[in-house]
Every structure is written in structure tokens, then in C-alpha cells.
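Chain nomenclature is as follows: A, B, C and D, assigned in order of appearance, with residue numbering initiated at 1 for each chain independently.
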Amino acid sequence: MVVKGNHDFKVSREQLWIYLMDPIVLAKITPGVSRLEIIGEDKFKSVSEIKIGPVKASFTGKLKVVDKDQPASFVIKMEQLSRIGNAHVSVQMNIEEKEGGIAALAFDGKADLSGVIARTGQRVLSGVANVITREVFSALEKHIEENKQTVESEESIQSMKTIKPPELEDPIDPAINSIG
Amino acid sequence: MANKISVTVNGKQYTGEVESRTLLSDYLREDLSLTGTHIGCDTSSCGACTIHIDGKAVKSCTMLAVQADGCEVTTVEGLATNGNLHPMQESFKEEHGLQCGFCTPGMMMTATDFLKTNPNPSEQEIREALEGNFCRCTGYHNIVRSIQLAAKKMSEAV
Amino acid sequence: MIPNSFDYKKATSVDEAISLLGDDVQILGGGHSLIPTLKLRLNAPGTLVDISKIESLKVIRDNENSITIGGGATHASIAADAALSEHAPMMTQAAKEIGDIQVRNFGTIGGSMAHADPAADWPAVLLACDANVVIQGKGGKREVDIDQFFKGFYETALADGEIITAVRIPKMASNRHSVYVKFKQPASRFAIVGCAVGIEMEGGVVKSARIGMTGVGESAYRAMNVEKALVGQALTAESIEAAVKNVTEGAEVMSDHYASQKYRTHLAHVYVKRALKMLM
Amino acid sequence: MTKYIGKSVKRVEDKRFITGQGKYTDDIKMPGMVYAYILRSPYAHATVNSINIDAAKSAEGVVAIYTGADIPEAIAGVPCGWQVNFKNGDIMKEPPHPLLVRKKVRHVGDGVAIIIADTRANAKDASELVDVDYDLHDAVTDPKAAAQPGAPLVHADAPNNIAFDWQLGNPKEEVAAALASAAHVTELDFVNQRMIPNAMEPRSAIGHYDTAYDKYTLYTSTQNPHLTRLLMCAFVLGLPEHKVRVVGPDVGGGFGSKIFHYIEEALVVWCSKQIELPIKWTCDRSEAFLTDAHGRDHVTNAKMGFDADGKIVALQANTFANMGAYLSTFAPAVPTYLHGTLLQGLYTTPKINVDVTATFTHTNAVDAYRGAGRPEATFLLERLIDLAALEMEMDPTELRFKNFIPAFDGVEQEGYVTQVALQYDSGNYAPVLTRALEMVGYEAFREEQKNQKGDKLLGIGFSTYVEACGIAPSAVVGALGARAGLFESAQVRVQPTGKVSVYTGSHSHGQGHETTFAQVVADRMGIPLEDVEIIHGDSDSVAFGMGTYGSRSLAVGGSAIVKSIDKVLEKGAKIAAHLLEASTDDLDYAEGKWTVKGTDKSVGFGDVSLTAYVPHNYPEGLEPGLDFSSFYDPANFTYPFGAHVAIVEIDKETGFTKLKRFIAVDDVGNVINPMIVDGQIHGGLAQGIGQAMLEGAIYDETGQLINGSYMDYCMPRADDFPSFEVDRTVTPCPHNPLGVKGAGEAGCIGSTPAVVNAVIDALWKGGHKVKDVKMPMTPERVWTAMQG
């Protein structure tokens, strides 16, 4: 399943980068993900409940952010496992600066599906991809809207940049390195 | 969760308990040992499991057993009456409408319901009526002939 | 092919059904959309509330200016209804084309609408018929214009805890004409493109038009720009050709291994054209 | 003396099927039976790091769970029954196909664990609690791509994924030279896509180890129970064959996919021994899609050269054949000895070379599917010759007539020796095409086509074929790599009252053996059909059998029965002679009685059979009883042939293609039951046309079967077809006693290219000179072809 899309946000490239590096934001915008638990630097465990059309299932998975080139691009790798099939996702995220303080986010990637969803879902996969794409952008848009005030000063941007991941409660799952 | 149900199958009343998730096809095959109803797919496509509920054809794999509570069910085992083959059964034999026999019960159950609403169908109408029933052996050629013959027999009998 | 475990509750009235709805509860109507997903375990609700035994939901009633179809009416009963055949012939025509004999005998219009499959027949037809949807929930009854009902990909205006109790189809005046045509995916027999057209003629030209498209986008939609372009025109090969140009505008045209986006877009044009020509 | 032979006798087996009394494997219930669910890999290529069954083990109703690690190393897996060597003489690569994967999964559907529980539901529920940790690897699914350097490897010990390479025919240089000097060369690249057999009965197996008798029973949906027993006992589980009973009860269609010995059969038997309970496994359709051996899947480049007169001068065929992840029972034979050897077709082509590379891919195994190799060969030849006719602006039928091998009956004239290792038994090719053209009304059709206007394109396509049936001659197949003899056995047991029980190794699963064989027996013995019972499918009652495949049942199994009948009648004559006080030489046998020539003195079959079992007055030195077994191993294959014609109509706007007419004239030798033969042809046509227009497995680049259900894989339905128009000519087989050739696969072999050729013809006549439209020819593909 190909996932592809682009959208302009009325924030600077740096601001958008900071949002996207925030696990809380990532959790908000990743379709179906209800929370991300940090399990290492740029590595998260995700818990999600996906409901798309007639399909409803719980997924557990891992997400990691790699190949970071601040503030221009990064890659999200995700593995989502469920009873009805798994998704191995790799998405290239690019942020471009446009005139007028606009950041253009473009993503391009694919989700390799397996199991029952791969075997029976073909008919509607392009619809699923569209829904997911829209969800990402609208959630991000919403988040930006809600947080406009808090990131308006350069200072706050700087302060966010220095946020460190919280102390790990669980040891890092070695399997996380095997994603993608 | 267990549910009490009472169904009449081929004229005989059965009362028992079924799990909510038990499909009617499994109830017929496993609980009642009526194995003439076959299961050929898991997407409600092939029609091998077609039976009649209150006289209407339905894919018994797409109905819960508990939904049949209080219903009149007819399976292929109930198609013949008093030891006499139904005209549909006779016709399938006469026109070689079956080979391996697996799809045959479902075919006949669909066709008998179809002829109730369209007793004198064209060949094309018969072919379209079989949209929900797959056969891999016959190329449908003789199934169509069988249903044509059955239609003739049944209209003559009226 | 065994669903996950769930509880089963049979409702004997709409009120009872509504009272049984809640978290992790799904409605079982004819079951022909729901049970296949349960068998593959794509969906695993905790409880099913069976509304298929509620007699009041199965009624098709002939009113003065409309026909009310109960949400539990089967496709077969719609196909066989004399009043619909006379006053809304596209409904009976489309009903005969849904699924197969077995599916038509038990699948219901309400179930199909609530499921809102992007390639289902009813959504396009109901859009073209200018139907109204009667919905009942804990807060009482409400009526939703069909234009506001299909919201997106498997998405409807139906809120949690609500049931489609009926669809109201306006009777067609003698100057209205309608037709439903579809191009089927040969395996699933769902529409690759389904096109339902209802037009009102006056003085030899189109007074109004409603065109419902299914299978093309993420949900059924009205091809409004085609409708607009037709108004005031006589139906000729040329006017039709000119009007259908942007039939997929605004739709995210779907693509799969059987029909690419390009081909589906092409078919949408062909089928809306064919439907209109049938009404010439 | 043919009261039954040649007549459309209604089938004796029908009654149980039309009344719902048929007994298929899944219909069988045994006391104490438990149910198995097989957990399968969702990935095409991955390493299994760990399997955690703890939670599943304690789930409700679970009896036992086994993974690959639980199966003894000595049980290597299911074997391949046919060996093909590399061109350089090396033995083909034959990696083990384990019952359950230990370390690596190689296709989606590879078995990882078996969960056994008291109910199907509990087994399935528990399977969701098994936690398998995989490391994913890249996959390759295309047979040609698999052989390219750098492709992901399926098996470490098969470099470039090549299972074997192979060639047959005249030297390549000679063929190349002939092509170079040809007046016209037609070249075509095409894919003979992967098919999923889809017998309507999903596979099922019940394994039962009986501690009291120390005996194993396997009920299974198989086309050949004895072969399954042999392979399972000797090569998989190491069981004493005499302690193993294999039963193929009623079987809901096979089409090749139930020939093979599958891992699930051995698994339920092995597991049953561990837990000492009967275990049933029945697959869901989704599982069938993933694990029933698939068919076809060739990627081919072929060149056919013609002289200025239109005579074929040479053929070069290069094919990559997909084996899937493992070698299934007969897989290596399909693209080689069942494909390469048929590339002579019914033409006099003097130079032929066929070159086959068989590759492993991360897909389900590919093996025989209705026609097995012969449809691929016919497709290759018939696409090329029809395309050549278009390119050379010749009539496609004329081009064929020009190139047909002249008639030969195999008696007066020698059998025809091909360039590719076969000798055809008998053939008379022109009349089938002539008859087909009459039925079509060819000239009128061409007129109609010429004058067509409007929004449709009409096309006509032809296919003439010769195929090899009666896969049997043991010496021949042995030389070609078969690891078993492929004869057939039959026992004719006359009961004291004159009723006859016939035990045949040819299993029936739709073909109507219980009727056709009974017709042969009744006529040959001169007794009523009702007095004959055909028994098959149980290794405890039938002495031996090699099973049903390759359209061989009547030609091989039927001939074995005839041999036994001859023995019965020979001994019967001795008893009759004794009773009539005459010499056997003076007796005639007709209509169930022996008569002394020129007298009215006679004795009936029933009296003779009773005497055989109550030998109070009996020939001296003769053993009592009337019961004979025979093994028949024919001298050659049989070679049916035919001509198929398709007429299609293409919707110019959408590319939707409607099959308007289909005409098939087949010559399957002598016909015992015309009704049944026609039925076999019809069914074959539907599958062949299905391949052309509707069906085909699609794997994505990660190895997922993305149309693995009936919602996406298009099974042909009744309204996809017109009524078929069939007829036949009769050219008897000269080397078997019944003169029969075989009819099971003919329809499927001839029809596919006819339909594709019809579409190409329609496109050319409509001004779109495309060489090929990929199968299945979906509306979009046809539409796209018209856009160029």
C-alpha cells in the first residue's frame, strides 16, 4: 500500500520539525496510535486501535525515527502487528520551506501488509491510504492550531529543542533495532 | 455465550444450545450431522452451503445458528419428500448437472428458490440466478440444462 | 472460518435495540455485510444486537408522496415491491442487481447503508432518488437528507447508538426518469463504477438532475457538476458528452489491481454517459 | 455386444450426491476426534527467531501444540516424486520441504505450528495466542527475476534460485540457423500466469492412530490414496506400509491439486500417534489459496520461423518455470516432460528446441493443474501460429492445415515420431478443424466481421492441439525421471451369485468412474450394469493403485480392468466347458452365457460363478473361486487432439470482452459414455477460458498473495459463459484394449489460446496491431491495448 501526500502548514520548517520530533505529537498524528511509549532514542512502542470501515483490530508495534536531517527530512519506520495481519511501514518525510512562513510537508512511503488484510483488503486499500493521509494532516493541522501560542517565540522553540527523552522505565527492547 | 434455540429442520424439530458465534452451516453439519450442506469458502461467495430458511435460499455460512431460532430450515437432505426425489434432483441426474457433487446441494437449493419466483426462466436468467454459486467441474453447461429441465417438470406438475 | 466469541442479544423492538447499544456493541441486521467480516476475524465486537427479527423494520409503506422502506427490508422484498416498481423503478431495478439471490433474500437496505461500502449499489441509487434517512437513537428520531448521510470512506452520519429505521423515497412524477447502470468487478461483483441517474424533464429540457456515483471514490457521491451542466439542456449525444467531462471531480478515485485510477476514471465517464443516453 | 458402451448411461454415483449423502472427508466424525489448526507464516521470507506457545498451551480446550522443533530431525519432509537433472548432468536441487518450518519461512502459508484442540473454534482461538518472532527478508516471486544475479535466495544451496535447467529437441544452433534463414519469424514474449486450482471441496485430512491394532488410518481428500500412502510411509514418516490405511472418500474435485502428498496429511498422522486421538484438519478457503499447489506460472520467449509458403521451419522456446518455494510431488515434470515434449504440436516442424529454467521463488509450490504442461505447450504454439497468420496476412486456419502432420492410425501407418522425444499413437488432425469451421460458419463469420460497425469489435480465435494422456508407461516415465512406475491395477472379484465387485486404483472425484467403468465391465461380461459395483479409494480394499491424473483413468485403469475381465472369462470358460461337457474351444461367450457353438446348449454366468465357489462338480486341477487381479502398464501415452474456436465481442469503450460462442471438436479416441465425456470437456473449457479471461494469482513484490479470496480471485460463474458447442471425431488409440485416449484435460488445454487469439484477432481487425494481451485479459488490459 502506497502512502503519499503533501500539505502546507503555516509554521516555519523548524517549528514543524520540532512538532514532528515530539512523541506526543507523533502519537497524535499517527493514525490509530493512541500512545507512544519511549523505549530508546527516537524509538517508541505503540499501541493502537485501528478502525477503518468494517475492520477493527488492535495493533501493537514499534516506531522509530531514522535518517534525521534536521529540519529537512527524516524517515519513519513502523511495524504494527495484529491478529489479522501486520504492517511494515517506511515513510520518507520531507519538509520544505515555502515563502510566507509556510512549511510544506511531503511524505512518500509504503506499508507492506501481510495476513488477512493483505489477502482480502486490496479492493479498498487505496481508500485506506487516502484516509490515513488525510488523518495525518488534519491531526497535525489541528495540533498546530491548538499550540500556536506556545511556540510563537523563538525562545520556546529553543527550549523545546533541548527536551530530552524521559528516563526509560523498561530496558530497551533489542528487537526494536530489527524494524524495517 | 450459549443460547437456547429451537429450529425445525426438514420437518423435524430440534432444540439445543449454541454458542453465539456458531454459524448455521456449522450447526447443521456438526450438531445435527446434516453434512449435505457443504462449506466451500470463507467469504460468503461460493454458495455450497445454500439452504432454505422459511422457504428462501440463504448461504448458511452467513447466518448465525442463533438467528435461525424459530425458523423452518430445509437442507438438501429435506429436498426429497416421502422418498421421492424432487424434480430438481431428478433433473440434475438426468442432465448430468453434477460431477464431484460438492457444489450440487447448494446449486439445487438456490435453483429451487429461483424457480419459485421465475418458473419459466430463459437460459440467461438461469445463468444470472447462479451468480452466488460456484461450480468448478461442469462449466455450468449441464447445470443450466438441469434447471431448464426441472422448470419444465415443475410447471408440468402444476 | 470461525468468528471470535461475542454475546448475542435479540431485540424485539427498535426501542429495545437502542437500549442494548453501547460500547463494543454492533448491530446485526441481515448480517450480509457484518458476518463475512466476523468470519475472517477482521472485526470482533463484544456483543451483537440482532434487529433482524423486528417486524416493524421490514415494512415497505406506500404513503401519499413517498414510499417508506423499513431499514430491515431485504433487497428481495424491495425488488418485489409493486409500489416501488411503479413510483421509484430505479429502486427495484437496483435491488435486483445487488449480490445474488441468497444475499438479496437476507441482506437489508439499512445494513448496507450503515456499512457504507464504497462500492455498494444503494448509496448511488439513494443519492439519485433524493431519499431521506430516518434514524433513531437514544435521543429520539431524526431525519437526515441523503446528501448529508454518506460522509466518507465507510463513514455515515449515523452516530453511535443509532439505528437506521427507514428510508423515505419520494415518488417520481411522470416527468422524472431514472436508471442505474454498473460495471462489476467480476470476482466480488461489487461496482467498479455504478451510476444512478434521476432526471426531471420540462419542455424538452432537463429541469433538474441527480446523479449518484459509486465504486469510483471513497464513498458514493453526487456528480454535481454533471447535474448542473445538464440543467436547461435537451438530452442529446452532444449535450451529454459535454456535461459528463468532470464526473470524477472532487472524488479521490480509487485504484486496485483490477482497475487503475486512470481506467476507473474513464469508466466513470462511460457509464454516466450510458446512463444518460438510456434516458434520451 | 455393446449394450452400455457408447451410451449416455446416467451416473450411478449421483444419488448420494443429490440427496446430500456423499461422504467427503470433512463429513467424517470419529469418536474422541480433536481438531487441528495450522498456524502459518504471514510473511514470504523470514527467519523464525522464536515461537512462544505458553499462552496458547493453556488456552481452553487445547490438547497439544507442536512446532518444527518438536518434529524429529529424521522426518525431513515431503518428497518430490520426479527427478529432472541439470543440462550438465547434475541432479536437480531438492531442498527439504519440512512438515513445519524450523528456522526459515519461504512463502506466505508455510506451516509454523499445529494447534490441536477439542473444537475447531478453540484451536483457532489458541492459534492467536502463539507468538512468533520473525526477522523479515526480501522476497522474489517472479520465476525469471529469481534467476537474475542478486535476487533474494530461497534456499542457500540453490544458487540463483535455479532448481534445474533442461533442454530437449534439436541442437540450438540448428534451430537458430533455420530461424535465421526463415522467410518470416514470429516472436512472442508472454506469461502463462499462475492459476489456483480451486476444487470446490477444500482439502481435509483425518489422521487416526489406533493403539489397539497399532494401525494408522488417514482419510484425505486425495486423487490417489495409494500413492499418498507410499510416499508418506516410505519417504516421510517411516511407517510400516501394511499398518497404514489411506482412504480417499468422496472427493470434491481435484484438477491436479489433490494428486500430491501434502504436509498436512503427514502431520495429522504423526500428531495422532503422539496424542493417540483421531485428528481432523480441514482448511479454510483462505488457506487453500495459500497452500493448494498452484499451476502454470511460466515466463516465456518463443520464436517460430516460416518459409515463404507458410511452412513452419523451426521453433525455439525458452521458458522460466516457477516451482514456488519447494518442489511439490510432480512439479519438475510439468514444465519439462509434460510441456517440452508437446512442442511438436500437430505440426510437421522439423527443428525444435525447448530450453527450460526452473526456479525457486518465495511463493507457494506450483505443480500439475488440469493439463499440467500441455496447456502451456499448446498456448505457446497456438498463440505463435495465430499471431504469425496475422503478421503474414494469412488465414489462421489455412496456415494450420498447411502444417498439420498427415493422418496416421498407428496400425497401418506408424506412429508419428516427433523432434521432442515422443511417438504419437494415432492422429487425424484436419477433420477436427474442418468440423469446427462448419459448426462456426466460418465464412459467414468473416463476412460479418468485415462488415462490423459501431461500438463493438468481433474476433475469432483458433486453437488446435495434441496432448499426451494416460500418463503411465513405466519404462518411458522412468527414463524421463519418474521415481515410481505409473501403471494401474484392478481386481475383478466375481461373487458366488454372479455379482461383480471391481476394485480399481483409479480414484473418482467427479469423473464418473463408478458409471463408466461399470459400463465397460457390464458389456465385456454381458451382465446387467446393476450387477457391477466399482470400488475405489481405500487402500485396505483396493490392492494397489497409482491414482487419477493426466486423463489416464480409462486408458490405464480401464485397461487393467479389461485384463482382469479377460482372466475371469478365461477361467469361467473352463468351468463352463466342464459343465457343458465340451471343449473351451467350442464355446462362445455372449450376453452372459457360454454356448456350445452350433447348439442351444449353454450355461449362464451365474451358474459358472456359483460353481466356482461351490465346486462340487468342477474341472480337475482348477482352483476354486473367480477373482483376478491385473496390473496394466501401457506401451505408450495416448494422444488426443482437437480444434477449439472462440468468438468474442469487445466493447470498444470499456474493453469488456464477452465470449459469444465457444466451439470445441475433440478426438479422445473411443467414447464409453458420451454424456460424461461431454461433461469433462465442458468443465475443462470453463477452466481454460477462466485462465484466459478471469483468473490468475497475484503476488505482490513482498510475496503476499493479494487476491487470496473469492472477493478478488475471479472464479468463473455461470453467466461468464455461453452454452458450449461440442462435437467430436473418433480416432481410436491403437495400443489399449478399449481404444480410448482420455478426455479430462482436453477442454482446458485447447481453450485458453483460442480465447486470447480471438481477442487479438478482434483488436487487429479493429486496427490495433498488438501482439499480446496479458492473461487474464481484464477489461482494463484490453482497453489499454486499444489506446496505443
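Note that in this section a residue touches a chain if its C-beta (ideal position, glycine included) is under 8 Å from a C-beta of that chain, and two chains touch if they have at least 3 such contacts.
What you are looking at is a predicted structure, and each value in this text was computed from that prediction instead of being measured.
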item: Which of C-D and A-C has more C-beta contact pairs; value: A-C
item: Intercentroid distance (Cα basis), chain C paired with chain A, Å; value: 35
item: Intercentroid distance (Cα basis), chain D paired with chain C, Å; value: 45
item: Separation of chain A from chain B, taking each centre as the mean of its C-alpha atoms, in whole Å; value: 50
item: Residue numbers of chain A (touch at least two other chains); value: 83, 116, 120, 122-123
item: Residues of chain B touching at least two other chains; value: 19, 21, 39, 42-43, 45, 131, 133
item: Residues within chain D bordering two or more other chains; value: 121, 284-286, 706-707, 709-712, 715
item: Arrangement of touching chains [line / ring / star / complete / other]; value: other
item: Chain B - residues contacting chain C, complex; value: 1, 3, 19-21, 23, 26, 39, 42-45, 47, 50, 53, 56-59, 61-64, 66-67, 69, 110, 113-114, 117, 129, 131-133
item: Interfacial residue positions of chain D with respect to chain A in the complex; value: 42-43, 108, 128, 133, 135-136, 286, 289-290, 700, 702, 704-709, 711-712
item: Complex contact set, residues of chain A against chain C; value: 52-57, 83-84, 116-117, 120, 122-128, 130-131
item: Touching residues (chain side chain B, partner chain D) in the complex; value: 19, 21, 29, 33-43, 45-46, 48, 75-77, 79-80, 85, 89, 92-94, 96, 98-105, 108, 123-124, 126-128, 130-131, 133-144
item: Of chain C, residues touching chain A in the complex; value: 33-34, 37, 40-45, 115-119, 152-154, 185, 188, 190, 218, 252, 254-257, 261
